[in-house]
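Two complexes come next, and they have one chain in common, chain A, joined by chain B in the first and chain C in the second.
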Partner chain A sequence: MGLRQYRAMVRKDIVRELRTRETVVAMLLFVVLAMVVFHYAFTVPGGGDLSLLTGGMLWVVFVFGALLGLNRTFAHEKDEGCFDGLLLCPVDRVTIFLAKMTANLVFLGLIQVIAVPLFALFFATGRMATHLPAFLALVVLADLGIAALGTLLATIAMHTRARELLLPIVFLPLVIPLLIAAASGTSAVLSGTAGSGSVLGRLAFLLVYDGVFLVLAYGTYDVAIGE
Partner chain B sequence: MESASTAAASAVARPAVPGLAATTAILAAAGVALLAGLLVGFWIAPTDASTLGFSQKIFYFHAPIAETALLAYGVAFVAALLYLRRGAARYDRLGVAAVRLGLLFSLLVMVTGVIWGRAAWGVWWAWEPRLTTFLIACLLYSAYFVLRGAVEDESRRATYAALFAVVAFVDVPITFFATRFLPAGLHPVVLGPSGSGMDYRDLIAFLISMAGMTLLFVGLLRLELGIEALREELREIKYRLGR
Partner chain C sequence: MVGDGDTAVPEIRVEGLGKAFGRREVLRDVSFTVGRGGFLTLFGPNGAGKTTTLRLVATLLRPSSGSVAVAGYDLKDDPMPVRRAIGFISHNALLYRDLTAQENLRFYADMYGVADPGRRIGELLERVELSHRRYDVVSTYSKGMLQRLAIARALLHEPRVLLLDEPHSGLDPHAVEILDGLLGEIRAAHTFVMATHNLRQGLALADQVMILDAGRVVFSHVGRLAADEFAAVYHEHVREGALV
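Up next is the complex of A and B:
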């Protein structure tokens, strides 16, 4: 794997995003809109406590928001016809995977830097601040899983008809275990039981999940990217 | 002379599925074993002494179906690995047939699970680890067919389907572990680390049903592959006729 090529490819994706700003802005707007929709969809008469639902809401928003970005993983290369150029580069296919995954990870992380404080503000989850390390660890591990699996599937979906329709259908059932661990872990953090074995168990699970899909992507990316 | 030509014409008009006789024998054996399993289960094995009572009898159907579904996904996984390694179209055909049957058996798991759940727990549906895992497996392997439908190029379709079958098979046990994070635990653990906990007559009924269900799977798989071979032949003939 070439570190220089990797850096060049990540840089290219980020510079392109800085110039066009289409993916990250759309993702961010979607995430904020989804929070507003959730607030109204889940408010019960008499003003019930929403804080029990916040872990789940947060991760549903992130997973669906991430889908928007994942769908765009190779959009520019495909639309502008430079995908073949990318394949012709004397670069290991795994390097392409890692670069694309990193770009997806950066975009998702960028959204979260803005969305998480907003989330804490909207849903009054002040406890998030007191258990920040546990929460951050959950976010990092879950994001890595989303980016690894998502980049592999986005690569497959790129070569199909109606790729924007296909990606959610193949991505969501595979990401359910991650969603369960991240959402229940976040709920444990927010309900003040962080530090107990429950959060650690979920962190360990996410670590295994990330490892499994990184290895799978590493082993199959040659075939997935095609040609 | 005329009768010979009629026989030849009917042989052309009605091509046989390859290996049909053996497949029929396997399916017949499956039928006999399944029936025997039910007879032993209903008449010889004692009625469950716990709260499950008579409803436990569905176990002789439900558990073998579930294990056969997992077996089907396992076959699809191996076929996918072989396809990725060797690239022969027959592994792709084996994979599709196995996933199709796995999906069928998974749906049967859900149906029998829902019936048993109603009888044993008083609810039609419980978000319980095993049932939920099968639901997610159903969604996953349905996506397998959506993926196949979305790729036009034949070899690429087979490659992506194989890739997805590998990823999906790895995901199923992960999902099962993840659902353990959720508060639930209604499912009876029949074959646990502390032995089966079953009467030996129960165990016999279960094993006979299990063998029957596996034979049913093998028979159906052979039938699917035979039909697919016929389709292939038909495509070839149509191609040669220039249609």
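Up next is the complex of A and C:
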């Protein structure tokens, strides 16, 4: 029954989002606006090479954009009083975590589908296309880490009154290692040094990072989701 | 203390139940048993611990002390079968406002692993007289319609035990009539625990009553009671708050 419950929860969050568009639109607007701001802020007269900076820019934008969505992870359950309905169901709490994490991943992936081409247009050279598999691997692993950590912390934060304030305060320090790996890996892709093994090292780090937070969520989610 | 139901098989067994939030103790040493097919009504003023008791039995809260067993399963050791055995109806419908009635029930059917969900949903929507609104989003429903849909949600997985927390709260007379009619219809097939302030509705189906005050059981009785008789008992034991 776990798979059926998992699919039901993911479908419910996606259908609800398609109908209300309250999370993805806000995330997308933020990401696009931030890129426009960065584009003008970092425009160098004469067109200097920004490839070492742009990886950092991209992931700062994605991390803050993701935060907007993570804050809404359980918002409708709490606001509409459906959280009790979810807890009453005979569902393993880890299944709830995986479903919520998947929904967060889908929303983040959706904005990236639009934001990455825009990013390429603003900042990147043709190198992104050359090293597309390496770049996509970085995006997938970094997104998984953001969603795993963010979903776990959003669950803990939802029981507090100042959840919108608390989540960034606990999320940002913990996401820094991921940010460093994803940003430096992306910069390596964009500067054309992706083949040197540096990206592989970052990918391995992200894989470990994801594993740590997935295991942590597996072990603690029953307590994290509270009563 | 067992209801009119099958006394040999206690469907709900609560022993020495206590709950504290931090240092604040809201429930102390509450014990009761409801036999299969029994109907226990909890009375008491606001803050007496009625809702906390129901939430503890429903697995929504973890007990600080004592034990709860539902349908033969201990809540602490085996919460999943307890959740499967329970249907919960409160003044909050537990429905997603941006989804349709059909989508809400389909979601809960999947969550409870209901076999042939399409047939079961159709059957229940017919029963609560909402078939004609099944594809409307729930945010367009009136309070009475929401509560009827909440009943369908709670009955979807054919639970053995129904927990009702002020189910009549905020309903208009027609919705109350439908709710009471439904409860009467399903009365024989389920075991009930209901928390209410309403004397008439609380005593109508109950074969067992309990009064809570300040987190303690101050009165309990097995068997039916006349409304006048019970009102006198209530006022003898409870200083603040009144029955409706």
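One rule holds for everything that comes next: the second predicted complex is superposed on the first by the 218 of 227 C-alpha atoms of A that agree within 3 Å, B and C clash if a C-alpha of one lies under 4 Å from a C-alpha of the other, contacts with A are read in each partner's own complex, and residues count from 1 in each chain.
Simple rule for what comes next: a residue touches a chain if its C-beta (ideal position, glycine included) is under 8 Å from a C-beta of that chain, and two chains touch if they have at least 3 such contacts.
This one's a predicted model, so the numbers in the text were calculated from it and none came from an experiment.
Once chain A of one complex is fitted onto chain A of the other, the partner contacts of A:81 are limited to chain C, with no touch recorded for chain B.
Of the two partner chains, chain C is the only one touched by A:19; chain B is not.
In the superposed model, A:90 lies in contact with chain C only, and not with chain B. Of the two partner chains, chain B is the only one that A:169 touches; chain C does not reach it.
In the superposition on chain A, A:136 makes contact with neither chain B nor chain C.
Contacts of A:5 after superposition: chain C is touched, whereas chain B is not reached. Once the two complexes are overlaid on chain A, none of the chain A residues touched by chain B in the first is touched by chain C in the second. Those residues of chain A lying in contact with chain B across their complex are 152, 156, 159-163, 166, 169-170, 172-174, 176-178, 180-181, 184, 201-202, 205, 208-209, 212-213, 216, 220, 223-224, 226. Of all the residues in chain B, the ones that touch chain A in their complex are 84, 136, 139-140, 143, 146-147, 150-152, 156, 159-160, 163-164, 166-168, 170-171, 174-175, 177-179, 181-182. For chain A in complex with chain C, the touching residues are 1, 4-5, 7-9, 11-12, 15-16, 19-20, 76, 80-82, 84-91, 227. Across the interface of their complex, chain A is touched by residues 58-62, 80-81, 83-84, 86, 88, 90, 92-99, 103, 106-108, 110-113, 137, 153 of chain C.
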